[in-house]
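For clarity, chains are labelled A, B, C and D in written order, and residue numbers in each chain start from 1.
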Amino acid sequence: MHFSFTSTDFYVLLPLLFPVFGAILVLCLDLLLKPGKGARTLVHGLSLLSLLGGILAGVQQYLYLQPSHPLPPKIALGPLLEPVFHFQPWTVLGSILLLFLTLISLLLSGAWWKEGDEEFRAYGEFHVLTLFFPVGAGLLLGAKNLMLAFIGLEILSISLYVLVAFRRSRTKSVEAGLKYFLLGAFGAAFFVYGSALIYAGQGNLDLPAMGTILQEGLPQPFGYAALGGAILFIALFFKASIAPFHMWTPDVYEGAPTPITALMSTGTKAAAFFLLISAARLFPHELVPVFTFLAILSILVGNAGALVQTNLKRLLAYSGIAHAGYLLVAYQAMAVGQGQTDAGIALRALLFYLAVYGITNLAALGVLSWIERKDPEIVTLEGLKGLGRRNPIAAAILAIAALSLAGIPPTAGFWAKYQIFAASIQAGQIPLAIFAILGSVIGLYYYLKILVALYFKEGTSSETLSGNGLATGLTLSFCASAILLVGILPDLFLNVLVNVRL
Amino acid sequence: MDSSLSLILTFLPLLGALLVLFAPLRGSDEGSPVLWRLAQAIGLVTFLASLPLWTGYGPGTEGVKFLFSVPWFHIQTLQVHFALGVDGLSVLLVLLTTLISVIVLFSAPSHIKKRAREFLFWLLVMECGMIGVFLALDFFTFYLFWEVMLIPLYFLIGIWGGKRRLYATLKFFIYTVAGSVLMLLAIIFLVRTPLALPGNEVPVLTSSILDHLKYLHLPVTTQYYLFLAFAIAFLIKVPTVPFHTWLPDAHVEAPTSGSVILAGVLLKMGTYGLIRFCLPLFPKATLFFAPWLMVIGVIGLLYGAFLAWAQSDLKKLVAYSSISHLGPIVLGTFALNAYGLEGSVIQMISHGVATPALFLLVGMIYERRHTREIAAFGGIAKTMPIFAFFLVLTTFASVGLPGLSGFIGEFLIFVGAFKAWPLLGAIATAGVIFGAVYMLSMVRRVLFGPVKHEENKLLKDLGLREVLVLAPLVILFLWIGLFPGQFTSRTSKTLAQIQAKVLEAR
Amino acid sequence: MILSSLPSLPQATTLIGGVPTDHIMILSAVLFGLGVLGFLIRRDLIVVFMSIELMLNAGNLAFLAAARERFLDPEGQVYTIFVITIAAVEAAVGLALLIAFFRLKSTLDVETATELEG
Amino acid sequence: MNDLLFLIPILPLCGAILCGILHAKGGTTKSLSGYIASAAVLGSFAVSLGGFFALGHGEALHQVVYQWIATGDLKVSFGLFFDNLSGFMALVVTGVGFLIHVYSIGYMAHDEGKAKFFAYLNLFIFSMSLLVLGESLPLLFVGWEGVGAMSYLLIGFWYDREGGWPAVAGQKAFITNRVGDMGFLIGMLLLFHHFGTLDIAALKTSSIALPAGLATLISILLFVGATGKSAQIPLFVWLPDAMAGPTPVSALIHAATMVTAGVYMLCRMSFLFVQSPTAMMVVATVGALTAFFAASIAMAQRDIKKVLAYSTVSQLGYMFLACGMGAWSAAIFHVGTHAFFKALLFLGAGSVIHGMHEEQDILKMGGLRKYMKITYVTFLIGGLCLAGFPLTSGFFSKDEILWETVKGGGQIHFILWGIGALTALMTAFYTFRLVGLTFFGKERFDPAEVHPHESPKLMTFPLMVLAALALFGGIMGLPDLIVKDGNWIHHFLSSSVTPLEEGMGHGLGHNYELMFLLLSSLIAIVGITAGFLLYARGPSFGQKIAKMAHPIYVLLAGKWFIDQIYQAFVLTPLFLLSKLAALFDLLVIDGLVNMIGGLAFSLGRIVRKLQDGHLQTYALWMAGSTTALIAWLVFQLWS
């Protein structure tokens, strides 16, 4: 048999290919055009268009995959792609989400640029790297084979290493980039070593096959595969910033430029959890207590750590760790509830939670990046004081985002939390659910600290502080209204997930 | 028109709130008088709209009236409705809410000086939340309004409160949410357990409270856990003794209108929830926990009275007095007989009328003397006779002088408690003494005795506006005190059903 | 030795060079351990970076040993090539970051990189 | 006549509202309030008189106004019940009340708060009439507490005088009453718990065969309520302090009406008390002890109103003694006569104080008979009745009580009679000590500042009426010895009270009755002459005796230090307990809550400290937790 790239493979990879072609186009354009306002808008526009194209292709695919779709039954993947890539509703949804998050963070980054910066010249490279991020994440998401997963992971990470250290002139950004790179590479080394052991144990590298081996409990006697599996999981925990492996998150989130923090906090976490989902069958029952411990630790460390923060980005970093903990609760419910009736509920909870958390975190960090250029002090809680009066719109968006992160009813965050706890109750893990929901109450404190700073305290200066750039403003208000709309009518989002199975 | 009344009642304040927020008036920070008129008009219209409830739900009616139910959204097989409706238990409380809101709207201008527009917005949103909670007949609707009710008060205390307002409001919010979060878990559990409805053979998922009230049958141990989850949330809200420490701080730091609404309506959420959810949904658990909760009620009664006696701050004293007045309600509810239940509902209304009057009076004296230390007063009756008249009358009402509202509630509760547990009923009547001790000693130190401080000599007595604000409350003292039949007859049928549901599990 | 209790892999009949796969796996484990230790202990960033490369190569070694075991199964060997290329890419990006860091801090000592904390 | 009953309480209520409006309006019309109030009380007196005559042909009047409480099978309606007992009480309340209203017009003439005063007085009469006419126990309880509240307001009427002492006295009265009311409430609850109804008539029929223990418990609880209201031993402390109020208040509340409420309640519930001999014995002994105890204190008091206050407590003791003996009609008879002469004495004292410009210490008076002719004569008549001078109304009623006590013939009866007789002696003694010191001897006041004068017409007229009533009140209950079945009141009340069935041991025959009659008149005369002789010329002789029996004098003058005991053993410990509870609440429960909050914060600080920025510590944590995980995994699989 010969390996040829059939048209169906091309169709399946379309959502990822759009950003790739977009990136290449932008790269060439950036070289050819002389730097100026026109070039920049072209570059920005092109990258946004490519992302949009990717999203539309993804949506078309998702509709095609719906059982109710009139066309012939599910198409067969080409020989090249079949052993390596999943093509199921939830993977398509995952890639749509990733593309959407990148699109929004690109829009938000519009407000972040300032003439005088030294990095201003590297406008094109910023867009290229940002475009590569969803490609890497998409590959990681759909990977059935560890090799493809590793490639996706690396594309994703390397583009982020550079983006984090993008503001070469400021030590914080470079130091954050360096730390992220070194620890990221450290994690990647674990990934490699883990996959090596798995390969040694089972002879091939594809995840589902591994699942069958490990499913009936770890092979007795203790083999390389199990050890490799454990190390692999650790690499993913690192990427998803789950408790004992979370140390890099606060520093890197604080150091990195705000739009990149937004992208990273939502994108990498989603990608890591997607791989965890596809490796779910890999999930030996013996590991359940470990996952419970990690979930509890993440919620505790995340929420407690955020209580004492003054810098808003660090605070959101810790809240990210806590939310990783909640995701782990849902993930565990999915893994435990494998056989039960409605196994899909946990997966739907995970996807819904990742989407809502993504939008909310983007909105929160977006507001910061929107105003950061005008008043760099805004990033700290002190600087935030009195924003309610100085810029009511930004304050309202930040308040809605904070309430949604806290899970207060009229916002989408509430339904996300509802799904998580419905899943964990369905899986019968009541004590963990009780602990998680009480942990979220601790979390309430620092979200309210944001509200206190916004509305209750009077800031030093009281002149109105307008955001930097209309586009960003529009995207932010879109995100905020989406949060409220889904909060009031969760139907819009939930029905999309209705027939999602693992 | 019949079913849409509850919809109008709930969303009228919300529309009003948005109207106030975006009204084009260039009001100064203090808020232009037109803005205040607008808000007061909205409050009045809502109150008038709630009057048909009183006539519509006449004496002896039974079951749910003014039912409004529209499909809201569905999560997989669970179809959630946005359901509102009135029954015997909630009709009086909704009327109390609209009345107290009108009173607050008319009494607020005197002490809300800054950011009036936002104040009115939050006040009206809160009224919508409160009415929503009382009318909700679907679990999700109930929880949505439960939280919508909390956020405004958080802002009310946080922005317009006293010195330690941030600590107080944060403590109040987190304490209440911690409780209601456990309730959320219980609600999720209930909503996820399929219910065998008569219509269809296979059990189906539903989130409507009415179906759950009729057809929910749970094994005993699950009933225990769910009962605890709901009960803790409501006992925090009541508040009963171990969970009460948030109330004095919240009251002392809240502005007068905040305290009035908090004492008038919000504390009733707890007791309302106990009767609406804990009793009928988990009958076996109720029977098991009833004695414990009756003891907690009596402890609340005596402990609250003792604490109130030791206070030197006027508002704190009134705050502890409301803890002491809510203890009997828990006692009456868990006496599980007609007297206890109806006594509790009457005591809720009477407390919801007496304590706001007390807080208004404390607010009025605070506006004149800017201090709440009882020691700073003395001989006020000389310079402010009308104030003295109202304070003494309200004290008599809250101490439970027969002929006024306090007595009816307390007497019925004592009868009910005595029937259920004679010894405890006898101990509870001791509350009658301590109630008188701390209230009367407060009245004596404030009103009577020679005028020691110079400032007290030139205090201006209550104006017409202030008297008009207090008048409806005083009228209700007498109305409930002399004609309780009109109130008990409206609630007796519903409470009898709840009691029957609990006792059939015996 | 505890390793003796490890199950041994199916013995391929003809081993190139006659070295049993277990020994190589142990060697790669040791190399990996050294890499981790180097990462944790050394103060100079370049050496830290080199220890990551060491860990990656330990992985390669393990892969090749396993591939050899599987009668030179191409999938394992292809994986090592990918790892090597990606290691190269990482080296490029990593050194660029090191240069940027050096230009700002004029030192490569790990201890100076502690401005972000708390 | 039935449907006019509601006028008795409603008229004073309307009067009160009218006076309240006058007070609120202020201005000259305030003086009108006195007449309105008196007219209202006169109206209800007329109605009760009408009712009284309508009672002639036997059955009681009954009127139900509206359904008050209707929950479960607790049906309480606002119903008035006018039988012989309530009729008599209503007459006493409204009659004496009217006279006191007229007197107050004069007494409060130049007090600017007089409209408010008359409003309170009318409200008081309203509550008292509710208490007396209530057909069910809860309605009686409404009047019961209403009267307590009104006495609180009236005692504390001059709240700004003497450093706010009246307000404290008022509060003390209200709270002590409430302590009693708790007993009453528990009794009511027990009754409802067992009989399912609180309607007195229904209770009467359904409570025939009551288990003895229960009857005793309920009776004693109701008796506790009565001690609170009628100032008996444990809860009498509030009455002497209640003298801080204006004198007409003391006359109305603390002589004629409120304090008798306890006796009325006992008689009304006589069908219950009769069923438990132990309860009867408790009532009798408490009554006797209180009588003796209060009389002893009265002997050593200097304030004219305090003497009368303790004398009231003592006379109430007699009434309860009568109730304890089952002689309900004797008790009510004494209530009637006591109302007349005690109100007379109080009003007389009031006009003395009025004349002496607020001077109340009898040691600073003397020889006032020259200045206040009418007051002196009426006060003397009142004193004679109180002392039990033969043929006065006080003599007949007290003697009947003493006879009823000893009639039983048992050993306990003699002891109680002994106490009663001794108290009668003391009563006569202190009464005429008071008369002697006030009206006889040299003037012990400085004529320059104080020139006593007779009170105006409005005040002396009621004195004369009361004097007449006091003198001839006795004809209501003449003993059989003097006039064949002259004891009208005994027959009148027999229908509404349940007599104690005879056969209490061998009763004493008729001839003993004559002997005891003579004995008690002898006691009275001895007491009167002793008191008069010792003090007619002034306090000097009395003070010499006091020095001789110094410890006893100090004890009595200090009112047996009861107040101090209560303060030390009841009030301060409770107050400290509440301070302790407040501290406990703040530190422990609040502390616990804040501690939980603090816990999360300290955890946060630890997490923050761990995050020290060193790249290698992060990697260390990563590597460390990896090895830990693998070790756990190996261990898990191994086992």
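Structural remarks
By our rule, a contact is a pair of C-beta atoms (placed from the backbone, for glycine too) under 8 Å apart; a residue touches a chain by one contact, two chains touch by 3 or more.
Quantities reported herein were computed from a predicted structural model and do not represent experimental measurements.
Between chain B and chain C, the least number of touch steps comes to 2. Counting C-beta pairs in contact across B-D and across A-D shows that the higher total falls to B-D.
We define each chain's centre as the mean of its Cα atoms; on that basis chain B and chain D are separated by 38 Å. Averaged C-alpha coordinates put the centre of chain A at 80 Å from the centre of chain D.
Averaged Cα coordinates give chain C a centre that lies 98 Å from the centre of chain D. If you average the CA atoms of chain A and of chain B, the two centres end up 44 Å from each other. Shown for chain B are the residues in touch with two or more other chains, of which there are none.
Residue positions of chain A touching 2 or more other chains, listed in rising order: 178-179, 182, 186, 190, 222, 250-251, 309, 445. Counting only residues that touch two or more partner chains, chain C has 39, 48, 113, 115-118. By the touch rule above, chain A contacts chain D in their complex via residues 178-179, 182-183, 186-187, 190, 218, 220, 222, 226-227, 230-231, 234, 238, 244-245, 247-248, 250-251, 286-287, 290, 300-301, 303-309, 318, 442, 445. Interface residues of chain D, counted against chain B in their complex, comprise 66-72, 74, 138, 141-142, 144-146, 149, 152-153, 156, 159-160, 163-164, 166-168, 170-171, 174-175, 178-179, 181-182, 185-186, 189-190, 192-193, 575, 577-579, 581-582, 585, 589-590, 593. Residues 608, 611-616, 619-620, 623 of chain D are the ones that touch chain C when the two sit in their complex.
Chain B makes touch with chain A in their complex at residues 72-76, 143-144, 146-148, 151, 154-155, 158-159, 166, 170, 173-174, 177-178, 181-182, 184-185, 188-189, 191-192. Residue ranges on chain C touching chain D, taken from their complex, read 36, 39-41, 48, 110-111, 113-118.
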